[in-house]
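Below, chain A partners chain B and then partners chain C, in two separate complexes.
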Partner chain A sequence: MKRDMHFMTKKIKFSRILIHLFLISYAITCLFPLLWMISTSLKSTSEVYTNKSLIPQSLNFENYIKAWTEGNFSIYFTNSVIYTISIVLGIVIVSTLAAYAFARLNFPFKNIIYYAFLMMMLIPIPGAFVPLYVLLVKLGIQNTRIGYILPMINSGLSVSIFILKEFFEQIPKELEESAVIDGCGKFQVYYKIMFPLALPAISTIVIFNALSAWNEYILAAVNFTDPNKMPVQQGLFIFQGQYFTRYELLMAATTITTLPIIMIYLSMQKYIVRSLTGAIKG
Partner chain B sequence: MRKFIDKIENFIFVIPALAFFITFSIYPLFKTFQMSFYQWDGITKNMIFVGFKNYIDAFKDPIWLKSIKNGFILSFLALIFMNSIAFLLAILVNSGIKGAKFYRVIFYIPPILSGIVVGYIWKWIYDPNFGILNGLLDILNLSHFKRPWLSDVNTALISVSIASMWQGVGGSFILFLAGLQSIPEDLFEASRVDGATFWQQFFYITIPLMSRTLMIVSILTILGAMQLLTIVIPLTNGGPGFETEVPALRIYKEAFSSYKFGYATALSVLLGIMLFIISLIQIKLRKVD
Partner chain C sequence: MAEVKLENVTKKFGDVIAVNNVSLDIKDKEFIVLVGPSGCGKTTTLRMIAGLEEITSGNIYIDGRIVNDVPPKDRDIAMVFQNYALYPHMTVYDNMAFGLKLRKYPKSEIDRRVKAAAEMLGIENLLKRKPKELSGGQRQRVALGRAIVREPKVFLMDEPLSNLDAKLRVQMRAELKKLQRTLGVTTIYVTHDQTEAMTMGDRIVVMKDGVVQQVDDPLTVYEKPNNVFVAGFIGSPPMNFIDATLSEDAKILDLGSFKLGIPSDMQSFVAEHAKNYLGKKVILGVRPEHIYEVALMKTEDLIPEAVADLKVEVLEPMGTEVYLYLINGPVSVVARVSAETRARMGENVKVMFDLRKMHLFDPVTQMAII
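Our next item is the complex of A and B:
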């Protein structure tokens, strides 16, 4: 009997090791392409074509300086920061206002409007960038910053309103009621009480919309023809020549583009996983 | 009267959202339907009504049909391979081992990257002359397997699929993991007391209770694969020839390279209807559940 138990724990230990081996090998699969990107970005031009090792012979940080200056990356990077902040700010303001109303206030056609928003979340419109381009031209804002920011705010609204409405509904009503007794108007209740209470849900919205704004390419490609207004994702294309690509510069540029989102992700991953877990349970 | 003013005040809260929604969602939706019946270059005022011609053309367009077929191949590969790996990883991470949080954080890194960046990284990995994939085959003495992965007709689509699955596994994994975590632990405990084996637990508890999650993930996978676009542009841009053309890329090129805005929107409507049917199936199956 005792020997049996011993055998069993050994067997469990063995299977634990196998599980870890498998999971670690998949973790390496996830990370290797990124490590390879960083490795290439630090190699010299000749080394890129000769050295297949993950560890560069010398650290050529000048690739980053070259990518930043020759590729005009300071412009693209600044643009992306401007767009991401404006888009996220817009989404937070517009979606908290609407979600609060959908959760707590009464007005005509409330349910119809809410379900219209939900429908847009469930039914994708493939190729929506074509009519959007036509619209932007018609409004005279194609190839302008605002012509990019406004439709991008819209693209984040449905999901954000949905998440926030669910959150607002869980906040106890007593808090608002006592504020109303104290003489607070609706807008005061919204920004003095509901907005601060919703900060956990708002942070989720900020992270997800910031990631998708930073990573967006198609609408930018459709909207911008002026290189001075393009975001980073568009900027990456200038490193690709028709016959020849400077991979050490391209990989330096993709690293510059990726680093901010990896940092945001690692510092905020608690919120990301929590909200994704909530999404499937709901 | 007071009540009426109250309701109007309340309505003010949704006006900004509604304004965005009508301008950038509803209007483009109707515009798509309208434009699909016209022949138009997108620039001049010269719009010619052509009825259903764009739709009829689409069914005779071999490149469009090829792109739809590729979309289905990408969906199929992702459903089978990407979701199996994701499901296996979720079960293992959820098996009570140490470091579950670490694995969860790592596995979700590829999904947060941009399609352009992922496309370029894999393009470099697949590079025919200096890429690490062919380099690795050399080191392993498997040089006869070397090929220009993205420009060889036989491997181009598979190579695109692998790059996009590499990015997509983490998304399915997180959803599977959330589904597994919502299964009450006492179910497993009770069955363990009754002497159930791991496989019995798997087939009689895990799979049935995961059916809803499995369905949602499958639908999201199909919707994602059928609308694949950004990653393809840096990787192959649809080439060699039209081997890796995908539906969304066709719409993009018909509008902005060929200036056939009417035709492009007709393709949008056709793809939209296909995806809508898939979404309906999802809602139906949810209700059955």
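Our next item is the complex of A and C:
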């Protein structure tokens, strides 16, 4: 009996070691590119090709200044900030309102409209590029900021509405009814009660859509011809020459582009965990 | 403070009639309890008064004004929900102040009212906490506080104590009743718990299948139930019902396996009130406390014709009293006797049915005859 117990404890310990080994190696594969990027961004041009170590011989912070100034990176960065904020804001406003309506209001063809939104999730974005391009040209908004922001809002809606609808449905109806008796109108119920309660789900949506908007590359290439309107991902191309790539500048620029997303994620981490684990209790 | 009147109110959900032609007059400052089993329409009635459900037909008046199409916020009512419905993202103070803020009361007035209500409910020290940091009882008080600060004409309460543990429920029951007396606000209270209804209500409205069965003060409902349903629903353990035949001369009730003699001073009363049932089948209703153990009775109280010998199937000691589950042929009854009982499980016991306090019901309509 004792031997069996001992064997079982050993077995559990061994499986734990295996799991931890797997998790550690997965974490390393995720972190290594990030570390390599930061390390390379701090090396000199020659050191990039000679020093394979992750620790640079000297810290060349001027790479960041060069990346920012030489490649007009400030313009791309500003563009990306504008696009990301507009896209995320648009998605949050439209998707919370739509999801609330789908979750709580009764109107004709509600389910058909909802499933139509869901079906959008099945269409890969590049698959819609040709009709989208034609539409943008016909509307006269091709190569404009709004011509980029609107399709991006549209592309983020279906998943966001899906997540939020599920979340709104979990919120007890009595909270709304209580608010109605307290004196709220329909819209006040939405923004004074439902919106704050949905913050964990909204944070998830903000993160995912901010990530997707910040990293977007193809639609920008399709829509924009004016380099001054390009987002940061397009700007990274500048450091990639036909014959020679300035890796230290490219990695400095890439580090700059990565920072805002990491900051958003860290600041909203609490809400993301709650959105995936928590329920609303009155 | 206000009177509430329901006039032939009906609510249909598709083909299902949830509330059927309910008429009620609730007096100013009255504490009225809607009681009934699940699905009897009590909550739907309350929600219609609140304005959370549209009525299919009929009229609802609050303070003399028809409110059928008045939105909930303009009915001057406050509601306490079963699960409290406190806003999780707001502090206790904000929860209580929310309704007043929406109505644009001055800050000083909001503060005065919230603090006064908090003091009344003993929750002054909780004002900065969020609902998740409170116990069930504390949440209950906050929900009450939220209703009180509004100083509404009517309080509506939808099973507000059902989420509390048994001990706290008894304590809150008394506090709630006291609070209602102090504030003097007309209160409509929904519960499925007949004890709550009996102890709290000035009047009780017993409902079944969307229909009001009886509206009366608790004692009348208990002592003079309108029908078998009310008689069985109010009282714990419930009233015993036995199929019987009333003799032509109104002297004997034949219960099948034994007969009971109606006391001589009752016979003319029975003959007069149950004249259409002489020689016919009736349902005899006897409350458990009206079946006495003969061994514990004084001789002068004994009516030998009403004594029967029944076997003790189960014996449930409750502390100060004992429930005896008795059987004799098709007759099966519960008797509530003193803890000094000499009855033993499996043995026979002589009991007397107090027919002076009996109820007779029509076996077809189930309505009370006596």
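As a working rule, the second predicted complex is superposed on the first by the 233 of 282 C-alpha atoms of A that agree within 3 Å, B and C clash if a C-alpha of one lies under 4 Å from a C-alpha of the other, contacts with A are read in each partner's own complex, and residues count from 1 in each chain.
Heads up, the rule we're going with is that a contact is a pair of C-beta atoms (placed from the backbone, for glycine too) under 8 Å apart; a residue touches a chain by one contact, two chains touch by 3 or more.
The shown structure was predicted, so the numbers you read here are calculated from the model rather than taken from an experiment.
When the two structures are aligned on the shared chain, A:52 is found in touch with chain B, with no touch to chain C.
Of the two partner chains, neither chain B nor chain C is touched by A:140.
More chain A residues lie in contact with B than with the other chain of the pair chain B and chain C.
When the two structures are aligned on the shared chain, A:126 is found in touch with chain B, with no touch to chain C. Common to the chain B and chain C interfaces on chain A are residues 280-281.
Chain C meets chain A in the complex at residues 50-52, 71-73, 77-79, 81-89, 98-99, 102-103, 131-132, 146, 150.
For chain B in complex with chain A, the touching residues are 6-11, 13-14, 16-18, 20-21, 23-25, 27-29, 31-32, 35, 42, 85, 89, 92-93, 95, 97, 99, 103-110, 112-118, 120-122, 124-125, 127, 129-130, 132, 135-136, 139, 166, 170, 174-175, 177-179, 181-182, 213, 216, 223, 226-227, 229-230, 233-234, 247-248, 251-252, 255-256, 261, 264-265, 267-268, 271-272, 275-276, 279, 283.
Residues of chain A touching chain B in their complex: 16, 19-20, 22-23, 26-27, 29-31, 33-34, 36-37, 40, 48-49, 52, 93-95, 97-98, 100-102, 105-108, 113, 116-117, 120, 122-135, 150-151, 153-155, 157, 161, 186, 190, 211, 214-218, 222, 233, 236-237, 240, 247, 250-251, 254, 257-258, 261-262, 265-266, 269, 272-273, 276-277, 279-281.
Against chain C, the residues of chain A that register as touching in their complex are 172, 174-175, 177-185, 188, 193, 196-197, 199, 280-282.
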